[in-house]
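So, here come the structures, one by one.
Both complexes below contain chain A, partnered by chain B and then by chain C.
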Partner chain A sequence: MSKPSKKMSLDKKHNLTGWAFLTPAALLILVMSFVPMVKALILSFQTGVGAAMKPCGIANYSRMFKDTVFMQSVKNTFFYLIIQVPIMLVLALILASILNNRNLRFKGLFRTMIFLPCATSLVAYATIFRSLFANNGIINLALTKLGILDAPYSFLTHPTSAKIVIIIGLLWRWTGYNMVFYLSGLQNIEYSVYEAAKIDGASPIQTFFKITVPLLKPTILLTAIMSTNGTLQLFDESVNLTDGGPANASITMSHYIYNMSFKYVPNFGYAAAMSFFILILVAILAFIQMKVGDKRD
Partner chain B sequence: MKKKIVSLMLVSAMAVSMVACGSSDSGSGSSSGSTASSGDSASTESGSGASEGGDTLTVWCWDPAFNIFSMEEAAKVYQKDHPDVTVNVVETPWEDVQTKLTTAATSGDLSTLPDILLMQDNAFQKNVISYPDAFTDLADSGIDFSQFAEGKTAYSVVDGKNYGVPFDNGAVIGCYRTDILEQAGLTIDDFTDITWDQYIENGKKVLEATGKPLISMQAGECDLIMMMLQSAGSSLFNEDGTANIVNNDALKVVAETYKELKDAGVLIEVNSWDEYVGSITNGDVAGTINGCWIMASIQTAEDQSGNWGITNMPSLVGVDDATNYSNNGGSSWAVTANCQNKELAFDFLASTFAGSTELYDNILSCGAIATWAPAGDSTAYAEPNEFFGGDAVSAKIVDYATKVPSNITGVYYYEARDAVATAITNVIAGSDIETELQTAEDTVNFNMGQ
Partner chain C sequence: MTKGRKFAMYLFLCIMSFISVFPLYWMVSAATNKSVDVTRGRLIPGTYLIENFKNLIASQNIGRALGNSFKYAIILTIISLIICSLAGYGFEIFHDKAKDAVMSVILLAMMVPFVATLIPLFQMFSKVGWLNSTIGFILPTISTPFLIMMFRQSARSFPHDIIEAARIDGLSEIRIFFQMFIPTMKSTYAAAMTITFMNAWNNYLWPKVIMTDEKSMTMPMVVANLTQGYVTDYGMLMLAVLICTLPTAIVFFCLQKSFAEGITGAVK
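Take a look at the complex of A and B:
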């Protein structure tokens, strides 16, 4: 093997090694992720049925604002976002600070139990929730036997209750997941800070609001952005739990995009445009949250 | 330095092989999911693509107990005269067939498609019109399409050309629990050749005597709506492809009838397909109305053997051309454009699904009832079925199938179906029929505009 005539400097050599290790992964990401994204962007400016596509400018983007079903799906998704995310994050925060108590027994057991829902598949839990809330499901059975309801209430065929069932499902599935982030964030807070507060006579509520929440701010920001992102892309629950019903009252944006591509006459250009609409929404919301959450300057 | 060059080469070799793995993956496709048919016709090909000429036919269909079984029986029938021909059946769920078809047709590379695939009737028009290059016109196949029920063949006819060989029958039957009807002083005859008004009257009697509704339906799905509509020969589209919703008088009657059924408590809505089947087999309802394939689900309740009766469905009141017959579901065989040996595929279909009473006799056991008229004359169809009170149900259904009015599914069938389902859901919740149907038509028109 011929040696390079000019010796490379140490820095250059290190750089080269670094690039050599980065290249395979970077290439794979480029081919598998960025090329399809650019292709989808080009597709979103085309229209046509099936394979016959022709350019159409921004028609797909203006079309979605006239699409009543898509607008309904945007409304539904924001309903989930506004109601579910705050409840979930507050609940996760409370659970995390309870389970962070050093004197609590069986901590590991409780933590595992609350985290366990995250290990279930989305489709499986959605299907189980559907049967729980069925006319002859266990929830209706319990409510009628306890005398709260006279006759079974059809949760999934009423617009509001169908949305609430989805929110309950989401809370069950994701609260433990966010709790784990808070728990790990809490490990970085010195226990002596709490002890000092205790000696100074601070109540648990005061400790929570004056110490836990401010010190956890970066983690809270992270979970808020992740939850927003996840909720805007909500798909499995809408498809499997309610099938978007009744009368599109619980359909999400991603579910509608799926229908547009695979259930209805395929209109991939329009579907791609709607996907980019979600991307823009996620970007805007994440930007706002970062501006609101970051008070460093 | 040497070490570094070696490691660099290793890394790049790894990267290349990884990329290569990624791309070769799509080639071998679903061969792992293939269920080689009978022992002698085990496939040696890799991948699920069409067979390279020769004497092998690759087929996609989805139900091992039903259409795969039927295809394998067809292969056996054909192999008697053509021992060299093998049929390679690949088990592919319908959702996957649709996705793979979409992928193949949009990418312009049809080589991944099989020779023959089974297609849901409701999706036939959409797929043939969206991807005209992916299918083969069956005009030269020598199949006599006039021997099939007209309402059935209409699904696979596009621009006057036949693209599909009808397979299973979706003729609508009314199934009733005769033991429950008895408690209300009714018999199966009280449900034969009746109108929906009489049906609701009978339903109220049953509800009073037993507390059970007559029928359950899946909320948000409009199977019953579509069955009622077709029973009067009406469709959601006109001949020219425009939506026919607001000015469709039959649809208005259907919506009113459905609301009346629901309000009277004769019809109960459930949330999922499992609940629907459960309500039938658990005896929560006194019967159901659906395509004749529902018999397979009903017969899983073995303890109810002899307590079921079958008859035709009620007819709409105040609609011209109203009949007691309709269709729901069913599928047809399509020959893809990727088929290398079209003569063989044509001959195979013409001498099995469109030409063999023996085949239809063999597959009657799995509930596949023919839409091919000559099969109905076979003695096997006249045999009584003990589960359904000793009635010759197969012959009955073949008779119903010939009377089904044909309708227009159109390309935008699923859009229209969902829009109408939304409208009906809102009507039940108390909205005005006219406004809801107008919204439905607007939605469909919006979807049809590009």
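Take a look at the complex of A and C:
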């Protein structure tokens, strides 16, 4: 680039350079995110196969609420959300506040070990957990050897236990990840605050609720939104850990949408309607969480 | 702190660490054992690794899947880092009202679930013949709001005086970016690289949709395929899982610190 010409002021030139810097990224997001989103919305009001799509009004949306499998997948996803996310966040908070203790030994080692599951891919860990909880897996073997079970229990073919295995897997994979957020948030809190609380005779539990939780509130809100968003889009675990089974008892919304689009006879219109349902859920839940987060200020 | 409380704290940490590490240890030990021994509960590493490896390469084309995964992930990471850091830098250094407005729209894209764009993306990509291609794999995730935000955050700490001085010296804006910003922000790039590489490597839904040809399959897809049979060879399966995990685990260990900083850095 040459020196700014006299016709173009320096400010204007910088302004244009700025646009040049950000245009590729902005265009890609427009074309890869927003355009498909609008297309999915249009598609959700159509029915048919392949290129022969006809408008069908809100038929796809009304079908959705009568579709027992889809309703089951919504219920399952909320089951994961309501049980797994709070347990995970509380556990991550407790771990982070313990690991933030200056007098703790082997801090780095504990942190690395608890963070380690994040190094695995979702498919890989789902496969490991599927094997651990299999009929001839190590969990059943241990439970029968210890005399807790008489015979191996088929965790993955019972509706409730299949869902619980998915929750255990999710907790295993993501608790350390969230813990790292809290640890970095805690580093921004002056350690002297904790020392002062200690001198004033505050118990660790009081310190946790009166100092750690309020000061970490923005981070907690962020992790809550991220986990909610992630849980609503669960796919890999449902496919690879339980295959949605038994009889769709553990299937997630994304998994069902995938089946509807690419496994069974493709029904893109209906699948698009269901995917829009998820989009709206994500938006509503994020909105609620942000409102709740604001109120406590 | 009382002794009892201290003991309880260490015990809790030990239990949590054990739970975190055990499944991974089991994976490694199973990969070196015969399937029968694995189901008998053998936890000590065995000597069956070579046999498992022979069985694995006989049943799946692991080399090709690994090659594909590396190719997709590396190309995606390089292009993504350039495009997103350019944007993050542009948004921060040249910011004005219009650009800030564009940034908030981009942040909204974070809330769009991938399934909501999946079907139109698949239709678009199959129309232009991008199924089973590298460009098809990388395009939807090259530009992510998360990375743009991360680089915008790091550009905030880049001193404006240096930019002004470089401008007076007659350096062009693009050279300021490449010769001064990139070398200064090495740690941000390391963090961004770790995250992007791991996400690309682990991506499953999108390749499952567009990689319709066996030749284009990624490593996680091969692992998922191995569990489809009725009888599972645990030794072979866990070896495949191990191979699938090693590259991300190596990246994770080398860049653990920057990974931790990276996932949290963008949101400070």
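Going forward, the second predicted complex is superposed on the first by the 282 of 297 C-alpha atoms of A that agree within 3 Å, B and C clash if a C-alpha of one lies under 4 Å from a C-alpha of the other, contacts with A are read in each partner's own complex, and residues count from 1 in each chain.
Just so it is clear, a residue touches a chain if its C-beta (ideal position, glycine included) is under 8 Å from a C-beta of that chain, and two chains touch if they have at least 3 such contacts.
Quick caveat: nothing in here was measured; it's all calculated off a predicted structure.
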Using the superposition on chain A described above, determine whether A:Ile148 touches chain B (first), chain C (second), both, or neither. neither
Applying the touch criterion given at the start, work out whether A:Asp67 contacts chain B, chain C, both or neither, answering first, second, both or neither. first
Between chain B and chain C, whom does A:Val49 touch in the aligned arrangement: first, second, both, or neither? first
In the overlaid three-chain picture, which partner chain does A:Ile205 touch, first (chain B) or second (chain C), both, or neither? neither
State whether A:Asn248 touches chain B only (first), chain C only (second), both chains, or neither. first
In the superposition, chain B vs chain C on chain A residues touched: C
Identify the partner contact of A:Leu156: answer first if only chain B is touched, second if only chain C is, both if each is, neither if none is. first
Who does A:Tyr264 touch here: chain B (first), chain C (second), both, or neither? first
Considering only the touch criterion stated at the top, classify A:Met32 as touching first (chain B), second (chain C), both, or neither. both
Is there a shared patch on chain A that both chain B and chain C touch, and which residues make it up? 1, 3, 17, 20-21, 24, 28, 32, 130-131, 134, 136, 261-262, 268
Enumerate the contact residues on chain C facing chain A in the complex. 1, 5, 9, 12-13, 16-17, 19-21, 23-24, 26-27, 30, 39-41, 43, 83-84, 86-87, 89-91, 93-96, 99, 102, 106, 109, 111-124, 139-143, 145, 148, 170, 172-174, 177, 198, 201-202, 204-205, 208-209, 220-221, 223-224, 226-227, 232, 234, 237-238, 241, 244-245, 248-249, 252-253, 256, 259-261, 263-264, 267-268
In the complex, go through chain A and note every residue touching chain C. 1, 3, 14-15, 17-22, 24-26, 28-29, 32-37, 39-40, 43, 95, 98-99, 101, 103-104, 109-110, 112-125, 127-132, 134, 136-138, 141-142, 145, 172, 176-177, 180-181, 183-185, 188, 204, 219, 222, 229, 232-233, 235-236, 239-240, 253-254, 257-258, 261-262, 268, 271-272, 275-276, 278-279, 282-283, 286
Residues on chain A engaged by chain B in the complex (per definition of touch): 1, 3, 13, 17, 20-21, 23-24, 27-28, 31-32, 47-51, 56, 59, 66-69, 130-131, 133-136, 154, 156-157, 243-248, 259, 261-268
What residues of chain B sit close enough to touch chain A in their complex? 1-2, 4-5, 7-8, 11-12, 14-15, 18-19, 22, 95, 98-99, 102, 105-108, 126, 129-131, 219-220, 268-272, 274-275, 278, 284, 411-412, 414-415, 418, 421-423, 425-426, 429, 439, 442-443, 446-447, 450
